[in-house]
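Naming follows writing order (A, B, C and D), and every chain is counted from residue 1.
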Amino acid sequence: MNALVIVKNLKKYFPVKGGVFRTTIGYVKAVDGISLYIRRGECLGLVGESGCGKTTFGKTVIRLLKPTEGSIYFDVPPDVIERIEELEKRNPKDPELERLRKEYDLATYKGSRLKRLRRRMQIVYQDPSTSLNPRMLVKDIVGEPLKVFKLVDGNEVTERVLATLERVGLSEQHLYRYPHEFSGGQRQRIAIARAIILQPEFIVLDEPTSAVDVSVKAQLLKLFKSLQEDMKLTYLFISHELNIVESISDRVGVMYLGRLVELAPTRTLFKKQLHPYTEALFSAIPIPDPDAKKKRILLRGNVPSPVNPPSGCRFHPRCPYAMDICREKEPPLEEVESGHTVACWLYAKR
Amino acid sequence: MDNILEVRDLVVRFYTYEGIVKAIEGVNLQLREGEVLGIIGETGSGKSVTALSILSLVPPPGRVEKGSVLFRGRDGKFIPILKLGRKELQKIRGREISIIFQEPRAALNPLYTIGDQVGEVFLVHRLKELCKDVLDEINTELEKAQGFKAKVLSFERSLYERMLRNPESKVIKLASKVPIVRRFRNRLKKAVRKHVIELLRLMEMPDPERIVDMYPHELSGGMQQRVVIAMALACNPKILIADEPTTSLDVTVQAQILDLIRRLKGKLRSSILYITHDMGVIAELCDRVAVMYAGYICEVAPVREVFREPLHPYTRGLLDSIPMPGKELKPIRGTVPNLVNPPSGCRFHPRCPYAMDICSKSVPKLREVKKDHLVACHLYDKDGERS
Amino acid sequence: MLQTAKSTTLKKRLEPTLRELRFILSRLKENPLSIAGIAIISFYAVLAALAPVIAPPPPKWRDPYMIPRYGFIPEPKPPNEKLIFGTTEGQYDLFYGCIWGARTAFRIGLMVVLSVALIGLVIGSVSGYYGGLVDEVLMRLTDIILSFPGLILVMALVVALGPSLDTVMTGLILVGWPSYARLMRGEVLRVKSQDFVEAAKAVGCSDFRVIFRHIVPNAIYPLLVMASLDIGTIVLSAAALSFLGLGAPVGYADWGQLISLSRNWIIGTPGQPLKYWHTFIIPGLFIFTFVLGWNLLGDALRDVLDPMMRRR
Amino acid sequence: MAASGLRSYIIRRLLLLVPVLLGATLLIFAVSQMFSPVERASLYVRDPKQLRNIDEIIKKYHLDDPFFIQFSHWLAEVLKGNLGWSKSVNMPVARAIVEFLPATAELVLYAAPLTIFLGIKMGVLSATHRDTPLDHATRTLAIIGWSLPSFWLGIVLLAVFYGVFGLFPPGRLSVEASIYVNSPNFIRYTKLNTIDALLNGQFWIFVDALKHLVLPVATLVIINIALLMRITRSSMLEEMSKLYVMMARAKGLDDKVVVNKHVQRNALISALTVSGLLTASLLCGVVITETVFNYHGIGYWAVHAAIQLDIPAVLGFTLFSALIFVAANLIVDIMYAYVDPRIKLG
């Protein structure tokens, strides 16, 4: 297995302030213990409804947010990973483990090491109308990473920016313009150009097609695919649009209330969903075919608050198959078929 | 089937600082009795503006420049909505034609309770029925009452009788402001509340007795949208306009709302004009579809035909843009045009793979090329009809 | 060759900025009130610049800001051919005072506004961007100053520092910056939550770069509008203090001070109730139109900049 | 949950007052430090006779000690109600405030409701008639009112209405009225002349007092109305563009009801939040207006004290006005919390 990114037991809590003295009275458990890996060159899709923590997860993985707990390993040799796992099992307080984590675990990075990391991992946001500085020219927006890292000098910046813009389907005439002069799709292309100009290895795509029109979605999707091929990119593709995720991802993970409930290769998952939530989610998507009549599973109620998630399996209050154990114990994420993991007591070995 | 609503040659423009936005240029649309007509289109296609025009609600700086909206009233006669005076318009809005919006949170006034806001619809449109109910109640009580209580009751009765005769009555307005006397309204309030609770129950909301007294911000997005739907359906309107009502909601909640709309449609027998950008929703819900692009309607057809045999190149492009397993993705090139300076002729021609010379010169007319299947494209012009 | 390449790049680079400016100008031009505002301010700017030509000080006059006087009797003289605005109490030349007073007004208005805007900009940005303890301390400080009605605190400060024009300006600055800091902080918080700021951090920008390249340019417009609207208010406050006798010394070319001199002459002689009208009407009109000019401009600027922000 | 949220909001708001008030007193005290200990001595005395032994006072109140020790002694005196001796009126500062306050209160009693009523009314009218001549006229008037120097406006009004027409004299009462008011026949219940006159059944005094009030009240209203009008207008316009307004119209509500019920309530909440500002601006306006009209209220006293460098009076007045302002803002915030259901969650 050649994993580029390995995430272990990642948690990200946001404090909730309240009361007379604005003290912390609780935490929004946006990401609550997620472990997964992303293979080099693959696209991992991550789906879930708003508030499930998928965006927080993406931002924490590339360290735009500081994790509350857990480790993130990026491009670490397999033998080192093995060593770390071995040490973790044996003695979590081993000084060697601490040294290795300091060396390799992104969760411990700070300052200049973090900054160096930025060259290798990038992000594209959902809404290009807020992710581009409205007071900067396109050339400056796209060229900023080059300037920050002082990689090339003046004239060459323009050349590199132009080359990158052309790569994403824009041209020289767009260099000296403000973002508001562009359509949504073009803006997203500018944002993509900014993300790829440093030639990163890993890009988090945070709902990059949600804010654009149907006809533009397809254009962007094609662009993402061709960029991935040309630049050997690895993607974490976050979205709530299942058909988009289906068409671009190699594997897909499903999140619910800060937890990963199911993860499987795309084909497998779209053919057969094991987790009741995944099943309901997939059945809720309207299919653009008037003759495709299908059974729809309507979930009861709303997603509970991530401040006080339900006990046991977080899905149990809405689950049509809930059993006693679901209320009491959290199901482990286990592989039930080859490459298909699910966290549900219906499938878990008890 | 008869048309219940006809939009004819509608032209709407917005006078902004950037220039005149030609949002809608000559839209023709028919909504039939009992059907669900979907309008699909991208940003700036004019689908929402069309919806607002039907209720004469286009906000400034927008202006309806031309065209008419005809609504077939209960007596079978067509009423020109855009020509109506303020009072007549108010009788149509919310009673005959209702609208629900994309952002339920923004559509509710944050300072009034759910009960207040839903109840308003009853007070505006069904005051007479409410008064009659209250009068019945008073009369039964009067039979048993004696002395002072009877006097109070008969005083209240006189007020309600007056309200029944003339809801605008100055006496009533005055009495509603005077302390103590004002209490006569409590009966009306109670009656409204009863109706609101019933309605909320119809919307399948849990615990409606509690929700009536809640403020909008205390509800989730899905619940808020149910409240908005409740307001729209309070008077059992002939037409419901739904302007992307599920776009801001999560998919599982969207599924609940779509399900609700589908079932209410069966119960209330309203016609629905459903606006969306989601082909999936169209496929699930609609009988017919109108495809809009940059202020024009390019195709109108029964839903199956739109998906099986789309005629307009834009409709085809739209369908090919939807990622489907085992199907090649063929996006439409270019971007949606700026409506201050829209392309000449057919507004789609700069992006159209089949564009001809004539496309940049003349605007294609919407015509029926097959039974019940209308399209506006020069590809389907009959020879000799080119102008 | 290289030179021309550079200049064309510069041209291209400036093009969008110029387009924006042209847009603002064309919007300003549409509004007659803003044209009036600009005209009034330009008029006063010319007046202030040409003061030594329009109202030359007498030869060997030590301080041109001190108004020359023609005698010492208290009763004001009406306008005549030589002294076209007449004299006010103590025979000070009203015309001279009004012309040179324009300089004083500009000095007070611009100095104070520039200072408070700058202080507010820096403190507001730092407070909003870093948050935490720095924010808490700075904001409590603004709370304290803002818990006084502005003019009254300035009055107390002026009394403590010793009444003079300089202390009036110092007082106005000390009391004025917190509202700017508050406004800027709010804007910074709003801008900070937008994705492009995080995107800037994601490409490795330093805090300094994030604040000054990304946040401040997007947060500064409301501050500019507030500043342009504030110039008039500040000139009014300074004039009020001078009127109360806490600002410019007697005889100084300051409009508020001139009105203060007219206080004993508001009611004329019996039968001629408006005999000394020129002593208060003329300097009053100067203050009023000056302030009106700035307020018109500020008002128009706000209207122009507002839809521009919404346009994005 | 909602009620406890409101309670904790109010408690929090009250607790926040402590550092602010402490800071405000500290600021005032810091200002006083610019004077020599001898000058400062009058900050502590209740009787000018004490000033004969200045050294004793300096020692007693630790005027030569470090800043914070001095501050604590001063604060203790302030909390006891001792704000020092005002030499300009020859009485303790605290008593001077009590003496002069009723006159100012009477002025504000008429000016504030008029300003609020007219300001909101004009703002609403201007917003509902957007871009019509009415709107332009109100806005232009507001800009003019806002650009007028209050002292100059007062002078012009005085010159015209008193000088030319002899209508509304300066001061608080005419000589005859003043004699009668100070006679034992006249019971001063509230010390507000107009109200006392009515309570005593002396209508001519009421008219007399009212005559004296017309011009200062007019000045205050004209100067302050612009602020409220502009805020009401812009918040009305903002609310009117919101979706819930369109929803209300789509429900079939009359445009008038939509504006009066839905829009105004929301818009007035934003207007309410700035009425604290209005208090401040009235307090400042009072200082100038009273001086112009020779109206012996608290602002008149403060200005005369300032000119005579009567330090305890100026500082005492400043502290007092800060207290009023802070209290006004507190009331506004609490009212806001009651009116807006959303805040209760915070």
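One rule holds in what follows: a residue touches a chain if its C-beta (ideal position, glycine included) is under 8 Å from a C-beta of that chain, and two chains touch if they have at least 3 such contacts.
Bear in mind the structure is a predicted one, so any value in this text is a computation, not a measurement.
Seen from the Cα centre of chain A, the chain whose own Cα centre is farthest off is D. Taking B-D and C-D together, the chain pair joined by more C-beta contacts is C-D.
Centre to centre, using the average C-alpha position, chain B and chain C are separated by 51 Å. If each chain is reduced to the centroid of its CA atoms, chain C and chain D end up 25 Å from each other.
Among all residues of chain D, none touch two or more other chains. Contact with two or more other chains is made by residues 311 of chain C. The touching residues of chain A, counted against chain C in their complex, run 59, 62, 64, 115, 118-119, 122-123, 125-127, 129-137, 139, 144-145, 148-149, 158, 175-181, 191, 194, 198.
Contacts from chain D toward chain A in the complex involve residues 8, 11-12, 15. Touching chain D in their complex are the following residues of chain A: 18-22. Across the complex, chain A is touched by residues 42-43, 220, 222-223, 250-256, 258-259, 277-284, 303-304, 307, 317-325, 329-333, 335-336 of chain B. Across the interface of their complex, chain D is touched by residues 33, 140-141, 143-145, 147-153, 155-161, 232, 236, 239-240, 243-246, 256, 259, 262-263, 266-268, 273-274, 277, 280-281, 284, 287-288, 291-292, 295-296, 299 of chain C.
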